[in-house]
Amino acid sequence: MNDSMDRITEMIIQTYKEKGVLNHLEGPNLPSRKSIREIIRNYESIIFPGFESEENLDSELISYTIGAKIQQLAKDLTLEIRKSLKFGCRMKHKTEHCTVCAESAEQITLAILNKIPELREKILLDVEAALAGDPAARSSEEVILSYPGLEAIVVHRFAHELYLKEVPLIPRMMNEYIHRHTGIDIHPGATIGERFFMDHGTGIVIGETTIIGNNVSVYQGVTIGALKVVKEEAEVKRHPTIDDNVTIYSGATILGGETVIGENTTIGGNVWITSSVPANSRIYLKPPEYIIKNGLA
Amino acid sequence: MNDSMDRITEMIIQTYKEKGVLNHLEGPNLPSRKSIREIIRNYESIIFPGFESEENLDSELISYTIGAKIQQLAKDLTLEIRKSLKFGCRMKHKTEHCTVCAESAEQITLAILNKIPELREKILLDVEAALAGDPAARSSEEVILSYPGLEAIVVHRFAHELYLKEVPLIPRMMNEYIHRHTGIDIHPGATIGERFFMDHGTGIVIGETTIIGNNVSVYQGVTIGALKVVKEEAEVKRHPTIDDNVTIYSGATILGGETVIGENTTIGGNVWITSSVPANSRIYLKPPEYIIKNGLA
Amino acid sequence: MNDSMDRITEMIIQTYKEKGVLNHLEGPNLPSRKSIREIIRNYESIIFPGFESEENLDSELISYTIGAKIQQLAKDLTLEIRKSLKFGCRMKHKTEHCTVCAESAEQITLAILNKIPELREKILLDVEAALAGDPAARSSEEVILSYPGLEAIVVHRFAHELYLKEVPLIPRMMNEYIHRHTGIDIHPGATIGERFFMDHGTGIVIGETTIIGNNVSVYQGVTIGALKVVKEEAEVKRHPTIDDNVTIYSGATILGGETVIGENTTIGGNVWITSSVPANSRIYLKPPEYIIKNGLA
């Protein structure tokens, strides 16, 4: 068996040499899924101490505890952002030797960390929106500890800041971490206003150039997507704009970069929309026709 | 950079002080997601020894092995239920000093553990239902080791017992653990009869006041939900009743607290129902009209 | 409390004795979910070194690193396949003493490992298809590190080889690992051609006897399933055939073992198909009729 193993190893290394690997042999590394996961967990525990595991938060120790978490986050983020920027450099300028990546990574990290207090305040508004919007929600603690839609927006707001700084790879990896855990697929490029509420969440897809206003609620299975998928259109606005105070019920699909859903509008379940809707509308599917057979078949 | 870190730490602690944290500073802790996860894994390994990792089950050691798992489950459950009850006390009576929470936690834990043998027998009927219902299922072992719908009902039956005892937070956290792992979102309040089968499962949503009879099968993407979402109606029955021997195919939506699906009924894929259906019905969508274009565009 | 614990332990052991357990008391073990997870992670890190966590890939060490991974994979696979084959033997021949399982396990493991270089080349074509098909994809590295559809096909191609060798339990456990992480539920029996692309992925279901050609793209919420679910039909082709160059947009449902979607066809979002479609078609739902109410309710 050992001879076979050696031969298989040799064949696999051959495909690495011919077809390339994820991390260039001898080249710089990329961010790993493990390191991104640790960054997210640390960030979440800064936003909501005790969220993942029990923590001692007595008021004498808290500066020390939070300070240590921020230090760790700064260190990990700087390292992973540097890898990402170097990867971006290699893609764009075909060079392995970037002179500014290390410094840029530190600057971006600092800018992002500075945003955390503001992000936390926004997230607390998202918690309020969930508590107000779901009859089954008993307390903001329940929302924080158990709502997948809340965890998705917590991470999206962070990933979106990295997206705005044009960091490659990491923002998408963060939102895919959340996609794996919640079934909610928000592209980190999507712009989302205050008091955003997603209930149940599974199957929600929100595209890169989507713009969502304040006080918007979205239910399971909703797609806010592109009308058709054409690689050449990567640079234009391909996804809809949703104005303030819109509710989109489960299974609805809203497509197209020129589609605007006007404010105070309700989109009913399973509705399929590919053009704009004026403000203050309520749109429901006509009751479908059924074939009903009574009596046992 | 260190000065900046200190300033950011200070700003974050400021938002904790002004806007509150998950665990009150100095106050009692809440159950953590990590501890709930460990409780679920222990419970699952009591129901199906060897499910997650290999175990030695020889008949001399088994009393010792299972006894130790039960002891651990009792200890963890008591602790987490006590935290939850104290949280409930604080919400209701505005006091940090509950005189009965500790004792209630022990009593509830004992009552729940006493239910496990009965839950196990019910779960084995769910396994039978999956084996009978899915042509692709080859053995009950395959169902146990790989069907997400089975894992969801295993955990739901446990969480539902805690819900009936009015334990805050934990039941929902348990079902959200399962939601994250399976894409199946069952509120712990839902009442579900024997021999329940969910195939594929992703996107299933079953609301808090749903009542489901025996021998019911539900496919991926089915919503059993509320007709409209009004916070004030939290105390009334907002979700449907599904009688015995009903099959609900993928993507169907059944809404409303007064909606009753009569026994022996089949609801076809993508059907949208907001009022009651008599027993022995078969309801299918009329074949939709398509725009068909032949020839390459 | 200790008396109660003892009594509960006794009751649970009683249900093991009466109703059976997953691993027969005293009998051979089954593959555990933990061991399958480790096999998948090791396999993924051979396909894409550095995918999960950082790795040192300098060209002097790489033979050693990959060699060690292959050795570990061979050892783990042999062990788990042997357990599965023994389980199959017990089901079929009612014997606990298989004379060929151990040797078959080694042969199958070797055959599967020999396939890895070829699988890797196929997977790199899947990466290309994702990069070509999604306007939001910036690089093949982004596809590899973050696309759930890519991870699903990476694991499916491996599980399918085990399925072809008629190994019980493991192939389905592998695809359910992926289902849990991506919301994509592909039965390991499904035959899938080259350059397969799934975007977003959540809610995709692909049945056991599905046959998919080359250059096929499938979006979130698509079901390729059985027309009706009858246990007796487990041995016939129950799921559709999708020819080359077909695109199936989100939420579409294609059912039935005799349904063939001809090449170069586009199936629009939410379309429901239960019979064959000729080549070069484009099928879209007629715009549905809405109830539109303007003005605030």
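Letters A, B and C mark the chains in the order given here, with residues in each chain numbered from 1 onward.
Definition applied: a contact is a pair of C-beta atoms (placed from the backbone, for glycine too) under 8 Å apart; a residue touches a chain by one contact, two chains touch by 3 or more.
These figures come from a predicted structure and were not determined experimentally.
Colleague: Would you kindly state whether over half or under half of the residue numbers at the subunit A/subunit B interface are used by both copies, giving same or different?
Modeller: Different-residue interface.
Colleague: How far, in degrees, do you have to turn subunit A to put its CA atoms on top of subunit C, rounded to the nearest 5?
Modeller: So the angle, rounded to a multiple of 5, is 120 degrees.
Colleague: Distance between subunit A and subunit B based on Cα centroids, please, to the nearest Å.
Modeller: Chain centres of subunit A and subunit B, defined by C-alpha means, are spaced 24 Å apart.
Colleague: Enumerate the residues of subunit C that touch no fewer than two other chains.
Modeller: Residues 183, 202-203, 221, 251, 270, 285 of subunit C each touch two or more of the other chains.
Colleague: Which residues, counting only subunit B, touch subunit C once they are in their complex?
Modeller: 46, 48-55, 57-59, 62-63, 66-67, 70-71, 74, 106, 110, 113-114, 116-117, 120-121, 124, 132-136, 138-139, 141-142, 144-148, 181-183, 199-203, 220-221, 250-251, 269-270, 285, 287-297
Colleague: Name, in rising order, each residue of subunit B that touches subunit A in their complex.
Modeller: Going through subunit B, the ones touching subunit A are 1, 4-6, 8-16, 19, 21-23, 25-26, 29-35, 87, 91, 168-169, 172-173, 175-176, 179-180, 183, 185, 187, 189, 202-203, 205, 207-208, 221, 223, 225-226, 229-234, 238, 251, 253, 255, 264, 270-272, 278, 280-286.
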